[in-house]
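Down below are the structures I want you to see.
Two complexes follow with chain A in common, the first pairing it with chain B and the second with chain C.
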Partner chain A sequence: MTDLNRRHILGLAATAGLASTFLSTLSAFADEKELVIGGSIPLTGVFAFAGVAIEAGISDFVKIANEAGGVAGRKLRLAYEDTAYKVDQSVAVFNKLTTQNDIHLYYGDSTGFAKTINEELNRRGSILMAGASFGSELNNPEKYPFQFMAGPDYVEMIAILLEYIAKQQKGAKIVFVNSDTEFGRDPIEASVKRAKEMGLDVVGQIVTPPTAVDVSTEILKLRRANPDFTIFHGYVLAPLPEFLSQAKQLGLKSRFMGTFWSMDNSLWANVGAPADGYMGVMPYRYYYDTAPDAPILEKIRKLRPTYQATGYMQGFLTAMLMTEAAKRTLEAGKALDAKNLKASLNTIKDFDTGGIIGVPISIPGNSVPVGRIYSYSAAEKQMKPASDWISLKK
Partner chain B sequence: MRIATAKETYVADEGLLTTNTQRAWMIILALVLVLAPFVLNAYWLYLACLVAINVASATGLNILTGYTGLVSLGQAAFMAVGAYAVAFLDGHLGTPFLLNIFAAGLVAAAVGVLVGVPSLRVKGLYLAIATIAASFILHFVFTHWVSVTGGMSGVNVAPARLFGIELASPFALYFVIVPITAVMVLGAANLFRTRIGRAFIAIRDRDISAEVLGIPLLQYKLMSFALSSFYAGVAGGMWAYFFRVVTPESFPFATSIFFLAAVIVGGLGTILGPILGAAFMTLVPELLKYVVEWLGPVFPNAGAALSPVRTIVFGALIVFFLVFEPQGLAEIVRRIRRFFHLWPFKT
Partner chain C sequence: MDWLFFAEVTLAGLGSGALLALTALAFVLIYKATRVINLAVGEILMLGGYLFFAFSAGFGLPVWAAIPLAIAGGGVVGALVERALIRPMLGETPISVFMVTVGLGSVLMGAVELVWNTDPRALPDFMGATPVFIGEAYVSRKIAIGFGVAGVVITLFLLLFRFWRGGVALRATASDQAAAYSCGINVPGVFSLAWIVACATAAGAGILVGAIGGISPTMGVFGLSALVVVIIGGLDSVLGALVGGLLIGLVEAWAGTFLGGEFKLVTTFSLLIAGLMIRPYGLFGTVEIERL
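Up next, the complex of A and B:
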């Protein structure tokens, strides 16, 4: 009897799998009047917190754009799947979505995926891609001709921090702390060089394992170096709260700074008091910003009444910029291929993002080198602007 | 009910395929594999290649863990060695594709022998920890030996070329990856018809008795490590040509667990096990995506809302198979075969 049950269950499982495959193949369709944004988005795995927000951001942009009549007469549609933040799965999703849909715009989930799929993008020559990666390597229009990022690359993010520091305190002492990952190491070498050129004093570099929990030895190194500013990169949250609380206990005078992925408001709200004064570079306005020149944030708040993470803004703006490139290409009567899309993207000059970024932006290359310094206020439980918008000049 | 399969010679008894039914099925499988690329779209071809690469590596791990009884969690690191070897040979020396793949296997085998040295003193979980340590050391080497590995940003690999044809798409690569994997699986199946393979099994069953039988443990354990990492190296080499970029994060530690899980879910110590296990572990998450997609019309925002459920279902499926099929997926196939052998009698 047990045998029979087991076989039945196994048989049913196999039938269900096959049936769903068959049915979904039937449901795949392509509409001439559509503009499909494909997406390898990490809805599970270590980067899920960002992926979920990114998906919400792109979906909302698609909704708002369609309500406004679409793009050059075409309706936008987001076709995406979960990648679990694994390169092989991201590539599988790319292959799957591009066979099922006529895709010219694509959102990728990691630097690894962007590098892996680059040759394929060049070979196809029909897709413009952007994504969650701000890897400085991707900010190279010659090597990555059909990709861009909706913000500054990691080197540019730290350059924005350095500009701020140089204005605050001439010759300030700096320590870089990064995780021992591709993400963490990305901007360090270039940033150390840049800091020295700007007359800042780099007094130390600390590398931690990506999953470090105990940071007491690193804190001792930090105490010996006694910097005015400590710049973290390559972390989302842990072990930054541990660093901050231990540094406060030891009475270190250093101010602590980070880059985009460690700047989400809700992450720091849970940390509480030790987070007070944590600063960092943020290319976009926060969800709750009620600046008069940010009408799009008002719309977003109406669509989603609760706080949306920074990934939301990133996804929203990425979709906005790639759609703008498609719009310009279609309006010029050109074919929707990667070359035309990228050329149209590069014509974006002094573009109003509806307030997501506080200044008009231009995309001459692969990045948008603009950002603003925010500082966390534990009392108000919010990231507050600490500087005006800083645009890097090449 | 099958009758008249009595073997008259030892050679016939040792044959890989002993009945005409088996031969017929094998011909059908070969035909399906040959025709598949002309029927499947890019997505399924991509998955087919990925499954083939994973099968090659899982088969290697099965030689070590399933047949020799040495638990290893270093398979991903050995694959990475193979992938870097291919990237280096292709980029610096420009040697031909097949030679690079073979050399990748040899380099990985050499590293595997080094890693395998502690296996004479330690077994079981202790050996597993030793292989984990080795993979961390190798990860450090990949990150810091910048002149060879390109450091954290890794190295790009040019498309494979064979007889002047560029193998850039999954369609083209399918015709090399699948045959290489087929040869490797065939090699593994044959291995256990030789003295070496049987020595591995003897070591697994009781290493002291094996030594008493005259099997030099160190030599055979290292040979098992070498063979296993050769398979991983070749798989890693094919991986490098398939994804065309190798970074230290291409083969995370979780990949080693993936292969161990594939071998266990498929069936330890069987040739069919790692094939089914690797296919299961690679394809089921993808097939579950279809279920999510299928629920799209009835479940608003299915993609975002159901993706976490999908991973839970995948995990639950693994537990389900371990509980109901402790001997792995290969046992299901064996039971089906037995059913037809004995039909119309009950098994």
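Up next, the complex of A and C:
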């Protein structure tokens, strides 16, 4: 057996280092015709249900785009790792992937990660980023010049709900219920102000702790406020079914509404009768929508015959918009840097998403302020459109 | 002051406190017998919820069969964990065993994600929807049932520890392992029993918690709230788990209602710090005196 002394080990380490540098140089040459989308994606942890769907959506878009010849002669590739929805892990994944790959497009998993990494994005000036966050703070092109979101931010989502409510019932009484998290708190202050400006009566604000299971005391507050509409934000599913169930037990007349991440069809499917009538804002069409102007959904259904969650549509559209920005940049003969990519993204005007969004979209800033109200039908086990598409005017 | 509202909030607090107490019981049973703080209690609770989901929604079994099967499943997991992971660690430092339970929690969470995927789910409703009124005061039906179950289970354990031979053996083991050995008590058997019963209890709590808040691979965080309860009540006291649970439940309900939901956790953890400063072994915990 060979004895390894310190000199041997150092020699081996140096050789391994040189070899890996050589191999990565070779790989960089090999990747020259690639367009890599990097991803810090939460495949485990509290946001895993969305992360798994997002990964599937981006992967399918990459597959479809490559089958159609790629982007300006380049093949798309998704390079991602699990983050467990932890900011430090997301940053570690970002550093690792951007070291190993030539990345100009990146998908981040949270508002926290986006806020943490944006200074680095600004410093590098080479990456355009989007992600799972619709945080309103990120919808600021001056502060976050290389960031965007494939939908309305959380304040805009609630503004869409408020527009719907104002049309349904003038002066309606509203209660906001939010989780005590960055996600939950995001739109509340601005939304209360907006509701008042629209002549709606905000009769209560209820905050639930992040780990809340039982919401009996919150229901008691809701009962006394007796609103016409209750708007939830900062939740995926729990504790909304318990809210709805107890509210029905008490005979409350309020209609319950939520924002994008609590609007997945499959999540509500096994809640049963209490879910009936739950409403919310959705920036995208559902997987099962057979509208004639949605050919891409038909293609998705052929690719995946079973229902795909809302996160799938979000991932798919985000990849589509990122790629469109890259395509416009490359076709204009410009360098793939963050400034050019963002400028190209902002040239997107009346863009057809293949029917994922039911109206042509434009991205003048960092968001796509469009959505539609859907309502859950327990009998049909489906979210059904309750309004036309609503585009917010600035 | 709206006294009816106050009464309703108080009842809701007691109800959710009882759920915390039931989960805290799982910590207490294991710690009492083995001096191990099992941080995987939350994940075993989560597994209990998923086992019930599998038996009721997956295999279509009636609730009366799915509940005992899920509880038994929790017990089997407890037995396996004790025999395969904990017993080989006997004699190791408490921090090593503690870390094993931390790892166990991650493994259970990963296993659930692999089997049932990461989507949050709602359990089939088995508690009914008719509201409960005590006088004019409203109580959520699920919370009322949870309170009843927790009350019965904790009373049962208090009686078992007092009168049953196995319970007395567990108390003896907790008091002095060497003396228990010399009296002919099967100490490893007591360890196994404690793990089995504690994990079965946690699985049962998981069914109740899941019925109220739904199930997801991350619902184990509920176990951390129960850890606060046992620290306040006393890590080795069944009565402490009950009193601590009800106290935390009440404080959270009052703080959440009269100060705002954002103050619930702040108040709870302030209480924890104050409690530890005044009674480091908890309200009913055994005061350990180390003599050099």
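Convention: the second predicted complex is superposed on the first by the 364 of 394 C-alpha atoms of A that agree within 3 Å, B and C clash if a C-alpha of one lies under 4 Å from a C-alpha of the other, contacts with A are read in each partner's own complex, and residues count from 1 in each chain.
Heads up, the rule we're going with is that a contact is a pair of C-beta atoms (placed from the backbone, for glycine too) under 8 Å apart; a residue touches a chain by one contact, two chains touch by 3 or more.
Bear in mind that the values here come from a model prediction, so they are computed numbers and not experimental data.
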Touched partner set for A:L267, first chain B, second chain C, both or neither: second
Which superposed partner A:V52 touches (first chain B, second chain C, both, neither): both
Which superposed partner A:E34 touches (first chain B, second chain C, both, neither): neither
Which of chain B and chain C A:D276 touches, first, second, both or neither: neither
Chain B versus chain C as contact partner of A:T217, first or second or both or neither: second
First (chain B), second (chain C), both or neither touched by A:T44: both
Which of chain B and chain C A:D180 touches, first, second, both or neither: both
First, second, both or neither for A:S245, with chain B first and chain C second: second
Chain C-contacting residues of chain A that also contact chain B: 43-44, 48, 52, 180
Chain B-facing residues of chain A, complex: 6, 9-10, 13, 16-17, 20-21, 23-24, 27, 43-44, 48, 52, 55-56, 59, 80-82, 84, 87-89, 91-92, 95-96, 98-100, 112, 115-116, 119, 123, 137, 180-182, 185-186
Residues of chain C defined as touching chain A within the complex: 5, 8-9, 12-13, 15-16, 19, 57, 109-110, 113, 117-122, 124-125, 129-131, 138-143, 209, 212-214, 216-219, 221-222, 224-225, 253, 256-257, 260-262, 264-265
List of chain B residues in touch with chain A within their complex: 41-43, 46-47, 50, 143, 151-154, 156, 159, 168, 170, 243-245, 247-250, 284-287, 289-294, 296-297, 301, 303-304, 307-308, 310-311, 317, 324, 332
For the chain A and chain C complex, residues of the former touching the latter: 43-46, 48-49, 51-52, 180, 206-214, 216-221, 223-224, 236-239, 241-242, 245-246, 248-250, 266-267, 270-272, 309
